[in-house]
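Look for subunit A in each of the two complexes below; its partner is subunit B in the first and subunit C in the second.
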Partner chain A sequence: MTAPTATATRRAPRAGRGTARLRRRAAPYLFVLPFVAIFAAFSVYPLFFTARLSFTDWRGTGAATWVGWDNYTYLLTNPAFWSSLGNSAILWLLIVPVQIVLGILVAVLLNNAKLRLRGLYRVAFIVPFVTPLVAVAQIWVVLFDQRYGAVNAFLGLFGLPDTGWLTTSAWAKPTLALLFLWKTTGFIVIILLSGLQSINASIYEAADLDGASKARQLWNITVPLLRRTIGFAVVLQTLAVFQMFAEPFVVTQGGPYNSTTTAGYYLYNHITRADLGTGAANSFLLVVLVMALSLLFVRLLRAKD
Partner chain B sequence: MQRHLLRRRALIASAGLAAAAPALAACGPDIASDDESGASELLKAPDRTKGEITIWDRSGDLFEVFEGTIAAFNAKYPDITVNHVAVDIDAKLQNTLITGADVPDGVFLDDAKVGGFTDYLWDLGDVLAPYAADIAQQKLDVNTVAGGVYGVPFDLDPGLLFYNATALEAAGIDVDAIATYDDLLQAARDYQAAVPGAAPIHLEQSAFLGQLQLEMYASQLGTSIADADGNLRLDTPEFEQILTFLDTVRAEGLGTRAEYLTPTDIAELDNGNQVFYPWAIWFSFAPQQVLTETTGDWRATQLPAWETGGARSGAMGGSSFVLPKDGKNADLAWLFYEFLMFDPAGYAAVWGPGEVYPEGLATSIPSYTPAADPAKPLYSEITALGGQDLWTVATEAGAQIPGGTPTPAWWTGAVDYLGNNVQRMLDGDMTPQEVLAQSSEDIQTNLVDRQ
Partner chain C sequence: MAANEATRPRVGSHLFLMLLLVAFLFPVGWALLSAFKPAEDIVRAPLAFDPSTFNLDNYTAMFQDVPIGQGFLNTAVVLLFKGACTMFFAPLAALAFAKYQWIGKNLVFGAVLVTLMLPTIVLIIPLLLEMKELGWVNTYQALILPGAVDAFAIFWMRQVISAVPDELLDAARVDGCGEFAIFWRVVVPVIRPGLAGLGVLTVMNIYNDFVWPVVAASNERMATLQVVLSTLAQNITGNRIGADYAAVTGELLAASSVALIPLLVLFILLQRHFINGILAGSVKG
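On to the complex of A and B.
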């Protein structure tokens, strides 16, 4: 009669251990559950819904007709779609390399402990980033007005003719790129500055002892050790440039002649025309493109551990 | 081992995601059902006068104007509370209508956009029936889609010829003698001869506004970019005549190329180089609020005609009020708009002198003809127009606007083609015929065929 009791006595603690183990195993999942639920509701579900939408001609109401690959075919054979990608690619070339070089130089300067008023400069660089775009855009329009803008007035002092900065296809993209550079470079500077601050100062001290010049230190120490941060900044700005919408929307409305219709702005045009199926297909094509570019940059700029 | 375990977990996660994908994609708004076929229903006038309505207006001067009318409305309907909200309608309306969440009862909307939302809106044919005969035909046309009327017509925006009377008088130009567009060209040539370097006629450089102005010219000729069935009718002699006129202005150097009221435009208006501005009545805002040097010098007259004896005005822009089907008290919102547009106390509150416009809302006239009576002005003489009686000029011009000019749902999208090509013509890169042929092909392919 005692034997079963003894068995039961031995099993009870084992069951307790099992519950505890289960709790331990479940705990991490329970902790991440709120995130997963939100992620599923606001990211995963919209993703699949958009995927489904991209194969229909749904206009926001009523019945949707399954159109297969029609929306994708329409976009891939449409010169306007390729033109929007081309515009974004040119803007990328005008913005990202310049921004990275400029960002590194400014970050190095701001990282110099001997620089006076460093805090003030750091604030000054971030101010454009937090300034409302609509206000900046209005200033841009006035500054770059063809006949009465300050920029042409200044250039006129050197005998240069008036330029249609915002009204000619040739100049609208560089002018928009300049706005984007002015507005967002401060943010890139902050990112690079944080990368710089993680570099051990003793490396520079050793280089100083070896007689390396500051330029050589920049090229041989700073840039290689910042590769991961630079890679992050490049991916971030690639996303920003290919999704760029607000800048052309408020400054040029995509013109002149769609020369500033970026990939993001072109996508918006489908949405405003309630052509949601084509818009969804367009967004998927953009996702694929941006993901491919990001992977490429990450691979190219991956630091050698 | 660890890597192997991670790979296995990733594989399981991917498989799970792939399995969940079809289920997830199938959730949410039913985009494949015929339950909501989009067939609109007729709004019935309410048999109650109590409740709360939410009205969306775009922010700015008109919001303030409508805000000022609520007291007059409540004098007639004291038990209807108006929740008046300033909203970026372009940004919010579409999403709100699609999701059906917090849908307002009434919305201020550009005429050109009404056609794009008809599936969500009440057909107002029934409630508007008692007034329809007295509403400007052009406004009924732009609000009519497939036989249904989806907006309460708000303003009529007749095109007028604004001119700098002081500058033209100094140059010896008689504006009263301008009866046709050929006369306008000659007057511009004469002014340029008197004022070397002047470019007297405004040529719009914004693709959107340029297309809107083109439609004003077309409206004078009783046509528009599409017919009532949505069929494109762009490549026509009427549009060719208009584009040829604009191209002549460009080729002879008679035009100031600038975007509406941008710094260049304002400066050229204020320095006397640009003295003719064929535009909607809302240009009157410029002498009142924007021009500094020449305010008081400007006047308005009817547009020239395309042919002797032709209509002296066309519509340019305009807005209406739409009532979403998902609005809880859209029927009460109808009472609000009925009061503002068709009740003498209502339209006097809208167009009469108020806090925002002390001389009255002189940027438009009512589309309801009994309210737009030349003999019963709702707003007074405009000081910035030298004390001119703009009401009489505008109402007489408005009465001449031909009907038969509907606005298709894809009108805004056409700017990418027609609007841009008109600008290319003004750059000297396309002929009028090329603009019409190319734009027709592009609009047909990218907009009409994809409806």
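On to the complex of A and C.
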């Protein structure tokens, strides 16, 4: 900034604009700096650390021994690892399709401005979403208790025998799935509602004139037009189901007989055993799987566009 | 605004919605009410409610046995600092993504998306080791700093700020406003409804956070409310003997109720902001 004195008066305003422009250029970097700093310190660094750790045998103390791909081959040949993925996949099947169908039905009904008690329903359906998962998970333990639970007491009124909802391998997964459905369906309804609100009402008027039934309109108009929102919901829930941890942690501790040891819970087991190298390798396998599944769903839904 | 306005819903629709309503409200309602019952009655007759027997015994026992006050205090500290970080820095970062052109923008936004998709549980081992290196295990820093600027908040606020007209920002610049003043005096007042929704969601997420706190702050002095709660259910599943079971169950329901109530009240007071906030911020079909 050593402008000749002769032109200084003419340049002064331009220089002022120049600093303003400079500040405008610099501003976004400063604005994202806090996020980037946190991201670097608590996401990037741990990720690199995990990558290195996954090739070692380390029990949390002492020196780590380099073991190459051993942790990965150990996991990939270990039935327990595959069964944890299988458990998550079964939970996914029990949860996501049910949730999407239920979510669409409820969202379509709630989207009708003439529905009585619409406000009440909207609030009631989102209540589970705002309740703390740990508190609800505990209530689940009490409600579904085989001997003392309210669920068996209710079913007993109809002469049905007591069921070990949380103590038999056959029922533990559906009971956890029910908890997950109860907790998150309201949120999915809200997401689907936001998608519905961007559909032009005149399409339905035209369909009414053509004499198309409501059910056909739902299947032939609403569902195709909601495809991207549905896709978003499916990706969101896939991520959530494969990370599921707090539910089995509080309700079943992964049991009975590991039937609710989800991918996330199995990973946690390595931590409790201080087998950190294997845990790190398991983390990476899970990241790859979750990202691949998300991309697959995004692709599938794009391909139809 | 709504599609499908043509017909009033039939009885079947109402029946379906009512059934769901009962299913959605039952667990919470049952727990809130049962906590007032004598502990033995909760297990002996889980479906019967006799208001004349209602008392606060479960609550008094729970407050004696469970360090729930400490849990609330720890959660409050984390809420205050972590919440403030997200509420301030996430919209700021979102403004950079929505309204500025800069080198590395796509790369950094990629980082936001990766953070969104990365399972928390995946980072837990190295993060825990990092905390050990820093000497932060069982400290507030450990609970507050990782994830202090929430990626979903940035993602959401970017959508909200994109809708703010550029002319508003340019007019402020012509008036000599600095870039930060534009954020603070122009953008923030305009997106206030979105911020209200984000506020509710942020409080909820931090209040309910469990996976990281249970690993990073497991000792009793630092345990957040959710961590304190989680140990109660394990007492039950680990100890299924008659009289004890009833007492523990009563305390557990009292503790769960105490944990539920603040968020329920907050949500019911702010539900319009919250629902409309999500509606405005989520993806459009």
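We adopt the following convention: the second predicted complex is superposed on the first by the 259 of 305 C-alpha atoms of A that agree within 3 Å, B and C clash if a C-alpha of one lies under 4 Å from a C-alpha of the other, contacts with A are read in each partner's own complex, and residues count from 1 in each chain.
By our rule, a residue touches a chain if its C-beta (ideal position, glycine included) is under 8 Å from a C-beta of that chain, and two chains touch if they have at least 3 such contacts.
Bear in mind that the values here come from a model prediction, so they are computed numbers and not experimental data.
Chemist: Identify whether subunit B and subunit C fit side by side or clash on subunit A in the overlaid structures.
Modeler: clash
Chemist: May I ask you to decide whether A:Phe49 touches subunit B, subunit C, both, or neither, giving the answer as first, second, both or neither?
Modeler: both
Chemist: Touching A:Asn78, do we find subunit B (first), subunit C (second), both, or neither?
Modeler: The answer is first: A:Asn78 touches subunit B but not subunit C.
Chemist: Mind working out whether A:Thr163 is in touch with subunit B, subunit C, both or neither, as first, second, both or neither?
Modeler: neither
Chemist: First (subunit B), second (subunit C), both or neither: which does A:Arg273 touch?
Modeler: first
Chemist: Taking the superposition as given, does A:Pro256 touch the first partner, subunit B, the second, subunit C, both, or neither?
Modeler: In the superposed model, A:Pro256 contacts subunit B only, not subunit C.
Chemist: In this superposition, which partner touches a larger number of subunit A residues, subunit B or subunit C?
Modeler: The larger set of subunit A residues in touch belongs to C.
Chemist: Tell me which partner A:Val134 touches in the superposition: subunit B (first), subunit C (second), both or neither.
Modeler: second
Chemist: When the two structures are overlaid on chain A, which partner does A:Gly149 contact: first (subunit B), second (subunit C), both, or neither?
Modeler: So A:Gly149 meets both subunit B and subunit C here.
Chemist: After lining up the shared chain so the two structures overlap, which partner does A:Trp66 touch, if you call subunit B first and subunit C second: first, second, both or neither?
Modeler: After superposition on chain A, A:Trp66 lies in contact with subunit B alone.
Chemist: Across the two complexes, what residues of subunit A are contacted by subunit B and by subunit C?
Modeler: 45, 49, 53, 60, 141-142, 145, 147-149, 253, 271
Chemist: In the complex, go through subunit B and note every residue touching subunit A.
Modeler: Those residues of subunit B that touch subunit A are 17, 21, 24-28, 31-34, 36-38, 90, 94, 97-98, 116, 119-120, 205-208, 259, 262-264, 267-268, 410, 412-413, 416, 420, 423-424, 446-447, 450.
Chemist: State the interface residues of subunit A toward subunit C in the complex, per the touch definition above.
Modeler: Listed in rising order, the residues of subunit A that touch subunit C are 20, 23-25, 27-29, 31-32, 34-36, 38-39, 41-43, 45-47, 49-50, 53, 60, 102, 105-106, 108-109, 111-117, 120-128, 130-143, 145, 147-150, 153-154, 157, 166, 182, 186-187, 190-191, 193-201, 203-205, 208, 214, 217, 225-229, 232, 239, 242-243, 245-246, 249-253, 264, 267-268, 270-271, 276, 279-280, 283-284, 286-287, 290-291, 294.
Chemist: Per the contact definition, I'd like the list of subunit A residues that touch subunit B in the complex.
Modeler: 40, 44-45, 48-49, 51-53, 56-64, 66, 74, 78, 80, 141-142, 145-149, 167, 253-258, 269, 271-275, 278
Chemist: Quick one: in the complex, what on subunit C touches subunit A?
Modeler: 1-9, 13-14, 16-17, 20-21, 23-25, 27-28, 30-31, 42-47, 85, 89-90, 92-93, 95-97, 100, 102, 105, 108, 111-112, 114-115, 117-130, 145-149, 151, 154, 173, 178-180, 183, 204, 207-208, 210-211, 214-215, 225-226, 229-230, 232-234, 236-237, 245-246, 249, 252-253, 255-256, 259-260, 263-264, 266-268, 271, 274-275, 278-280, 282-285
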